[in-house]
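Each structure below is given as structure tokens.
Two complexes follow with chain A in common, the first pairing it with chain B and the second with chain C.
For the complex of A and B:
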């Protein structure tokens, strides 16, 4: 009962926040609509754009600059150390970089390939909506939730005891007497963690690619079929080229998500047993070790890695648009 | 030069989860459809659902069963209890603190953190699309480009700002809100840093997407209203907002779920206390400390994912649109 009351109190403060925000906006609008004549336009621009611009400057632009600056400082941020933090990443944290690259390459390709396969299969079946919903569902689940779901699958028990983890049990049914401790099983534990991300992202790839496949003009397919293209040939010469742009968007979008993923590794292994990646190490350095310099340098590494993905994505889409 | 020309990934505008009436060639293609295709899809659908099913079943089993046997043995030995949920909700002998306060926190964080950026983004998008000024295109591009800044780049400086204040030389930009004689900021233990942080991080994408929608509203309508002497504020309230409901709904759902599922911002700005931390932070904590209590952790996880799942199944159409549009966020 008491908990419910504190709960209501919490919802009340949320509601209060919304009300105060609403009043602020209303006051701004009221002030803005007082301006007449030549001043009305600049006032409107200031009031409509001002709050967002202020938050963007304070929340993203200035912090990004400060982070770049902090990455050249020592742990407490008092002394200039030049490239030392980056040196540290590339000298002693090389495993983390390798792991991150594996994540960025393997996960998007696996998820997209599986998503594409599903999209093609769905194109050939009735009542696809139900299947789509269920495959897409993991996308609504948080990474933390997904990690707990999958820790049930990777749970290890001694082989003479009844098994709790599904994977161990399946492997034992298949005749392996002594299944490994999955999450400690280097280097394969990395791939087991990637499976979680693939599980989440396949639905996204499938839904987007399925829509792209349905959007291929039917006369193109018919013409190809008249020319005798079937099966693999139809797929590799017609379908793939027609959805190339969407494929690239899907791969880069998943890469983008993978690059910054932090929750799965944190919850499953906390980066131990050779599973550390850049985003989690950044959190560990910045908020556990309180090494602002190294944490910032890792954040900058992420930032630099994101840029080419975005640029590539945008360029590809513009090109795609131009040819259409 | 028009800003609309620089839209982004317009993903195919088909409702992806809806069965469309099929065209004739499609119907012809279906004749070729093999039962194998259906079979493989059914198998994969099953495989994709099993992990979540396992979670649900484990959370409903008595403690001894859940810890000493796999959830699949449930079918041979069905015993159902709700005591795991009772213990996780109120706290109990094993895990002293229950999930309830965190659950309420999640709502108190996610609902405002969806409304604030949406409102500000609608306003900014309207100014960029219809008030137009000398640099509006440049500003729009600048905001678009800000999407490349990962969350991680902003976390540390923002935390400093909330805790210690910021000033540019002598000019205070964000006040130092420390209570006199204490190490605690006035903002500590409130949702405000979380709301502000989520709003800041959501803005680039929100402005970009809503701008794309608002810019396509009929020009005649806007001009007619201007000619009738309506102020920008009136047009915004009476024309733009009502017409933008579909875009707003999609993005609101996306942003709500994004905030609900977020762990990084929560851990950074809320810590793990029941005062303000959301369910994700609770789960991450409990998983780390009581990893062996499978029956309780699964019950907690199910409570945490049930909200997004309800949103997902009830509002699937909006959800998918929002998600497709917002998939580049981060």
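For the complex of A and C:
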């Protein structure tokens, strides 16, 4: 009974919130509608843009500035230490940066290349939709869930015992008597973790690229065939340039996902055995070690790393739009 | 080098259908000839062109370019160039790159490519647009780029699939004459597909009329107009269409409504089953004091010509629509009852393909 009452209370307060929101909007719009002449445009801009801008400042810009500020403080956030936190990253945590760069470069390219290959192979195949659905499904699994699935695949057991790990069993069938302890196998364990990310992202790449390929007008392909371009020439000189914009979007989208990734590393190795990456180290520093300064400095490094990628993305898309 | 083209009993049946898209097509196209394939939509004209291009498989028969049987030759090895309805330009390439693409694939030397592209551009008035992307061109310029892409290839045969249908009416008339002139100058065998009979009549050395996948008639524009093989060709060629009136044979002629049209006995004897279709072109149907009675439903004043549309009751009580061209400049008004007399007539059988009797 009590639970029901608290439930109702919550429902009521939620409802009240919506009503208040509606009234506020109505009042704002009413005030806005009173402006005439020269003031009407600035008023419209303020009313429509103002709330969003305010929330953006509160939720994004202020925290960003605070993080940059915190990155120059010590562990407790009380004392100014200058570049010391960054010094620490580049002196003792350089392998983390290298790992992150490997992730950022290899994963998007591998996922996109594989996605493109699948899109081409499945194009106009019978039951194309069924095959695509299966390949797309990992997208629906959380990173943690995917990591658990793959930790089973990478599971190590002594060679004389019954095997649990799929990978170990397969290489044993292929004649390897003593498979390595996969997740401890440096530096290849890094790539094994990347495989999980590729597995998750390849469906996305395939679906988007497949749509782009289907959007190429058939007469352009026919014209290219009559011009003598078939097979690889057709693909490299007509298909690829015509889906260039989509390729860029896919690569950069996966890149952003990779920049943020830390779940896979956290679940599989927790950053041990040489698999640590910036995002997971940031989490570990800020919320496990409670070293606000180092955590913030790592966050700033990630943030700075994203900027050139976004600039590249925007420039390329502008260039691409100019031809369409 | 320009080459003749031959369709030898070519048929195409799409999988899962029973009616052939193209049925037993026999067609000889001479070296350097401009042949137009014309017909209503779905008649198989584009399909025939695509079969020649190698973009469509052939169910039966053979296609020859010159002496070479190309039936099973891949599109890229047929040495033909095609202009598509939507131009099919490569959006990521400049005008010059679009034109040079086929030559680059053939590994023609760079100097040669440059020279041929520049020549074609000069011919088509495209020189100042060579560095532009297709997006930055008007419809007419894009159409010319598509032409240029075909010309630089110096192919054995040009194929054109309704290349003017995306242009506005005025530009279409202009480009029509330019293409025809260009083709005469280059002397390359050309197969041109259109649904527009005016294009067909004005451009082609010969015109092939298709209907439902069947070739109806191939002839010079003049012969198609004067001696159509059946009622379909007669009505398809010419604008406005030829009037077709169902008639019954009566002594020494046929009854067009309440008007008796005398016809020679020997010709009348060829009519099967006592009924036939009388054909009169609008320009041969004159407004006069006597003749068949017609109620005017619409008058079109075009300046030089006036077309008078009307309904006439046939001898057996049905209504047929007629069009007459009037040069009297004293056109009747809607609702008026007027009389029309045919000057020159055609007679078609009333069964099967409605073949022409005379």
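Following the convention adopted for this analysis, the second predicted complex is superposed on the first by the 268 of 324 C-alpha atoms of A that agree within 3 Å, B and C clash if a C-alpha of one lies under 4 Å from a C-alpha of the other, contacts with A are read in each partner's own complex, and residues count from 1 in each chain.
As a working rule, a residue touches a chain if its C-beta (ideal position, glycine included) is under 8 Å from a C-beta of that chain, and two chains touch if they have at least 3 such contacts.
Note that the structure is predicted; figures quoted are calculated from it, not measured.
When both complexes are overlaid on chain A, the residue A:25 reaches chain B alone and has no touch with chain C. Of the two partner chains placed around the shared chain by superposition, neither chain B nor chain C is touched by A:92.
Of the two partner chains placed by superposition, only chain B is touched by A:55; chain C is not. After superposition on the shared chain, chain A has more residues touched by B, the comparison being chain B against chain C.
When both complexes are overlaid on chain A, the residue A:260 reaches chain B alone and has no touch with chain C.
Looking at the shared chain after the overlay, A:78 reaches neither chain B nor chain C. In the superposed model, A:222 makes contact with both chain B and chain C. When the two complexes are laid over each other on chain A, chain A has residues 222 in contact with both chain B and chain C.
Chain contact summary for the complex, chain C toward chain A: residues 53-55, 74-76, 80-82, 84-86, 88-93, 101-102, 105-106, 133, 135, 149, 153. On the chain A side of its complex with chain C, the touching residues are 217, 219-220, 222-230, 233, 237-238, 241-242, 244, 322-324.
Interface residues of chain A, counted against chain B in their complex, comprise 3-4, 6-8, 10-11, 13-14, 17-18, 21, 25, 29, 32-33, 40-41, 44-45, 47-49, 51-53, 55-56, 58-64, 66-67, 70, 118, 121-145, 147-153, 155, 161-166, 169, 199, 202-204, 207-208, 210-212, 214-215, 218, 221-222, 246, 249, 253, 256-257, 259-260, 262-263, 266-267, 270, 279, 282-283, 286-287, 292, 295-296, 298-300, 302-303, 306-307, 310, 313-314, 317.
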